[in-house]
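Shared between the two complexes below is chain A, which has chain B as its partner in the first and chain C in the second.
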Partner chain A sequence: MTAVPTAPAVPADRRRAIRRRGAARALEGWAFVGPATVLVLGLSIFPAAWSFLLSLQRWDGFSDPVNVGAGNYAYAVSDADLWAAVWHTGLYALLFVPSSVLLGLLLAVALNRRIRFVGLYRTAIFVPFVASAAATGILSTYLFSPQFGLLNTILRDLGLPPQGWLEDPKQAMVVIALMSLWGSAAFTTVIFLAALQDIPAELVEAALIDGATKRQAFRHVVVPQLAPVIAFATIWQTVEALQLFDLVYTTTRGGPLNATQTVVYYLWNAAFKQTEFGYGSAVAWGLFAITMLITVGVIVVSRRARIEAF
Partner chain B sequence: MTDLLEAPAPAPAASGGPAAASRRGRRGLPFSPWHLLLAPTAIVFAIPFVEMFLASLTPAADLVQVPTPLIPSTLTLAGYASLVTTSPVLLWLGNTLVVAGTAIVSHLVLCSLAGYGFARLRFRGRNLGFFGIVATIMIPTQVLMIPTYVLFSRIGLLDSLGAAIVPWLASAFGIFLMRQFFLSLPLELEEAGLLDGCTRRQVFFRIVLPLAKPALATLAIFTLLGSWNDLVWPLIAINNDQAFTLQLGITTFQGARRTEWSLLMAANVVATLPLILFFLVAQKQFIATMTFSGLKG
Partner chain C sequence: MQSIRPSRLLAAGLVTALAVALTGCSGGSGTATVDPKAKTTIVWWTGQADQAQKILVGLAADFEKQHPNVTVKVSSGAPSTEDLLQKLSASFAGGTYPDVSYAFGSWTSQLEASNRTLDITKQVADPKVDWKDFSAAARQTARPTGRRTIGFPAVVDDLALLYNKTLFDAAHVPYPTADWTWDDFRVAAKKLTNPATSTYGYGYSVSGSEETTWQFWPHLWQNGGEILSSDGRTAAFDSPAGVNALTLLRDMARTDRSVYLDQTDTKFGQLFVANHIGMITSGPWELYDLKTGRTKYGVTAMPGTNGDHETVSGPDVWTLFDHKDANRAYWAYQFTKWLTDPKQDIAWNVQYGNLPLRPSETSSPEFQAQVKALPGLDIMAANLANSKHARPTVPAYNKVSEAIGKQISAVLQGQGDPATALKAAAKQADSALAGNGP
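Showing the complex of A and B:
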């Protein structure tokens, strides 16, 4: 494109013409990409840089900011409440990520066949995907209400003791993970379905003809083909899990006894309730760093696993 | 894009037929054993929405009895009536329609223009611009929300509907999606158009865009889901109940009115039913959207 040879042999007026053509092209190109690019970069690169500067300050948004260097980060490391939030977030990720990947895999395998009602099953499992976190949260408080909820009504009918659910510090995170699974099973199922349908049918047929059982063919032919998608789904769901906020806000608001206070909930509270913009920014950058570390970690582990597998 | 709604053809009778029959026979079931997994799962997945619709039509008094009756004594629209008369829910619905509508139109126009520019035009700064766009995909919203809040407060955008709209005008994901789509189109059509004397703009609007309907549908659904369901940003940026979006508005019932179940569930129905209906009629396009957001990784 711009690699036009500008050897001395080219006369000056032609060079000027080429330059003019380059300017015209740039004008045309930026007329296409300019508005969206300015919006996207302006609302991300610029705030991200600003956020990093904020993380080095103590600022409530009104009075003059005070430079504290790495002070916010140092405070974060020693902040027991933040560590508790990290622990709650980790617990949620452990509850949610493996089960969402496994459930997605299982449902994709089950739905990937021509049986009666499969369209109905698929619709029932996929529809919750469109439910907002706000609606899902409010619905959870109804279904899991200790007094009036469906779950405890069923338990009572079965003669079992009713549970506290969202009002029990030990159970609240489990309920939130269950409702997340309800809303997001569609996503993992769909990406596994797409991956399953990309596997050439001949591969499985060849294995079956060679005497493999269906189970062996699945374990040794289908699963290795799915490995990259499993790694991707794990990363994606982990990133989602580490950013849990909406469902906490719409169910427990961090309670009971802070048992569901996640990192992002803690961040939101620090930044927008206590107006600690600097400290909130430092927590956000810490979360970003941890997310990147985990992502890279999963990629490295999955690369290694695949090398060993082959 | 792969059509996920079409299950693979059954294996040819010669290789799979008898084996399949014997497997089925071994368990002694007159139907595929997968039904034993799928039917209960589908019912469990359907229960929350069924409960939501039922409760929204149940008299409020029924829902605060212990034990709560599984079947309502009568069906009533009282929950909806109380929702509409005691809260600005219709205003919030209108606000959300404005936000989502603006977001979709703006996304379709700006992201398809930019996607085409990055895919097909050669100009100074293109690679740098596209690299910048891709890099921003990784930045999490938590990093952006504090400075964006401060920025919006400086330009006087907080507490207005504009605060909810501006972040949804364009997105890196949308630009990326449209660029990938335009790269997959054959060049010949556009070259023929240019040779016939069309300008780039004419080529884009008359030749390329009509071919882009599937990608535009994916982009529209992605934007609809994101802007309709967004909670955290309106929660931060809008503190004025005249400018609440629907999602933000319904969370305000959780204080004093948190046990008015029929009203709460009616609000939930208002907030979810439009997307549920849309999903039911355009399931294929929704699935394509989910598949694409999976493929970009």
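Showing the complex of A and C:
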């Protein structure tokens, strides 16, 4: 198909017109995507590239920056406080991701029925998701206050020992996981609800006619259909979990005794409190690399398992 | 073709918009010699909000009226005072920094290191400025490294002992006096504590922030300790004086259980207002909340060690920035000098309920009226005389502060002993002071 003898069939001036129209079309296209491209370049790509340059420097925002090469990254590897933050973040992800996916699935199944006031229930579940994390955080510090909170008052009335909650280094992360679960279970619920409604009712019906119990039909018909969505929800919630910041900021500020210091909180503290912008950027790039690895890993695994999530 | 033309226009417009955005605002070339009659605009970031901002905007208008050729562009600069540092850093990168900005005392050495500050050492030597009238801590903070004077004191404050009369009366404990010792303080705190009603004798922040740290400095200084060595290169707080100071707090928090350990920096003040904490060490900013909460309170100097009632002061600074423009520099200086003159300072700091910058203002009727509205303000103003040390102004101070703040909160929450904790903090602080670390 190298020689295409049709070219002479179109007169030269018409060809020019077509080319001109093509160029105009391209321009028109760029005019449409231009603003968005500028936004993405200006607000995402440029800062990202700049922060990478920063991560190779030692800079407090005021004095002249000093090039340190990979020094910030080397320091990060040997920084015990950072590793503690990594551990806290991992613990949080472990607490938060599976429970948010499971709870979302459970709630979605419960809400995917023709029951009275289902619209009301769905709204009620979604409201906490709309509430800002700042509001959630501040309200729950009142709820969980060891001395004056509602929860400990209830425990005392029941004759149970009051707990330290957010002021106890062992419990603080669990409380934060509970709080974010309350706030974001709605997200996975909505996703699963949409996916459940996409599954043709005939499939389940067919399984039931073939003698499957309801539970078997759910396990072997519904769940496999949901697999791509489960994979997506898991990745999404993991990425969210690794970036935990707002709840920590509004409740414990990384305390007590740094027990809730997450990676993002740590890098925010390094960059904006200690004004080590270079080091903060290096930690951010480290976090990006880990997030990327996890995401690619899950995609590869799910492709191998023929789950078409992406 | 008709449908294409508008889009071409659009594209052309976009390119223009981009070009404009990318070139940005490059500063005009400044003059080298001062012409006080020339039309000049100076930019002022106040770091204030609400009522305080309203007062300052009014003062800027007054200044413009007196000098019609000068425009003072006044704004808060950032959503909160804390955010100003970040905003200043960004404005340096963009070349759009102000002429005058509010700055916390702990930032000044960093700002000086930017080489964008003015040096007004010669001007403030003028007897008309009466520079010596400012408190020693405030003057030292405006001269972070001792080489340059980068601005004027903006706000001064100090820590005093506030006691809740309702709780003292209920526990039949006599009120604190100006010659209390820390032992008197400890005994009273224990008597005031009642777990059944969630009442504590004292409140202390264990967030590990500067709030945790600076509350510790008076204890250290009163025991004869220092924060840094005299050359400012190594930490000196891990001395017997430091251990003594931290041991007192540890014994109160762990043995007596008389201290409410606040994880947030903000709750202990609220609990004091709400009659759940008997004593706090705090400053003038607390008085307004106490008035609103109708708390019955008293104010006195900090408890002392061997008769030494030293306190800590946190002066903030109006920092002046250099735009290589003699007229802007001239008016930035003139404006800030005018603002910190007694007359204007009464209209601003005194009217707002801050401490007066200059002791001479305390006799003014305006200050006396404030004392009536906010009882204890006069004691806090007089207490400035007990502020002898300034907090270190080395660039690594925030790291030193975090190193020791973290250890203080660990000890108060039952982890580690004072000596080991301070040694660990000193090691970390030394490393930061030596410029190691990230």
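Throughout what follows, the second predicted complex is superposed on the first by the 276 of 310 C-alpha atoms of A that agree within 3 Å, B and C clash if a C-alpha of one lies under 4 Å from a C-alpha of the other, contacts with A are read in each partner's own complex, and residues count from 1 in each chain.
The rule we apply is simple: a contact is a pair of C-beta atoms (placed from the backbone, for glycine too) under 8 Å apart; a residue touches a chain by one contact, two chains touch by 3 or more.
Values in this document were obtained by computation on a predicted structure and should not be read as measured data.
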Superposition on chain A - do chain B and chain C clash or fit: clash
Partner chain in contact with A:274 - chain B first, chain C second, else both or neither: second
Greater chain A contact set [chain C / chain B]: B
First, second, both or neither for A:167, with chain B first and chain C second: second
Chain B versus chain C as contact partner of A:258, first or second or both or neither: second
Partner chain in contact with A:236 - chain B first, chain C second, else both or neither: first
First (chain B), second (chain C), both or neither touched by A:78: neither
First (chain B), second (chain C), both or neither touched by A:201: first
First (chain B), second (chain C), both or neither touched by A:114: first
Which of chain B and chain C A:61 touches, first, second, both or neither: both
Residues on chain A lying within both footprints (that of chain B and that of chain C): 25, 28, 30-31, 34-35, 61, 141, 147-148, 272, 277
In the complex with chain B, residue positions of chain A that touch it: 1-2, 22, 25-26, 28-37, 39-41, 43-48, 50-51, 54, 61, 106-107, 110-135, 137-139, 141-143, 147-150, 153, 156-157, 182, 185-187, 190-191, 193-194, 197-198, 201, 205, 208-209, 214, 229, 232-233, 235-236, 239, 243, 245-246, 249-250, 264, 267-268, 271-272, 277, 280-281, 284-285, 287-288, 291-292
Residues of chain B that touch chain A when the two form their complex: 2, 4-5, 7-11, 15-16, 19, 23, 31-32, 34-35, 37-39, 41-43, 45-49, 51-52, 55, 63-68, 70, 110-111, 113-114, 116-118, 121-126, 129, 132-133, 135-136, 138-151, 153, 166-167, 169-172, 174-175, 200, 204, 225, 228-229, 231-232, 235-236, 247-248, 250-251, 253-254, 258-259, 261, 264-265, 267-268, 271-272, 275-276, 278-280, 283, 286-287, 290-291, 293-295, 297
Residues of chain C defined as touching chain A within the complex: 1, 4, 7-8, 10-11, 14, 18, 85-86, 88-89, 92, 110-111, 113-114, 198, 206-209, 260-261, 263-264, 276, 395, 398-399, 402, 406, 409-410, 413, 415, 437-438
Residues of chain A that touch chain C when the two form their complex: 21, 24-25, 27-28, 30-31, 34-35, 38, 58, 60-63, 71-72, 75-76, 79, 141, 147-148, 166-167, 169, 252-253, 255-258, 270, 272-279, 282
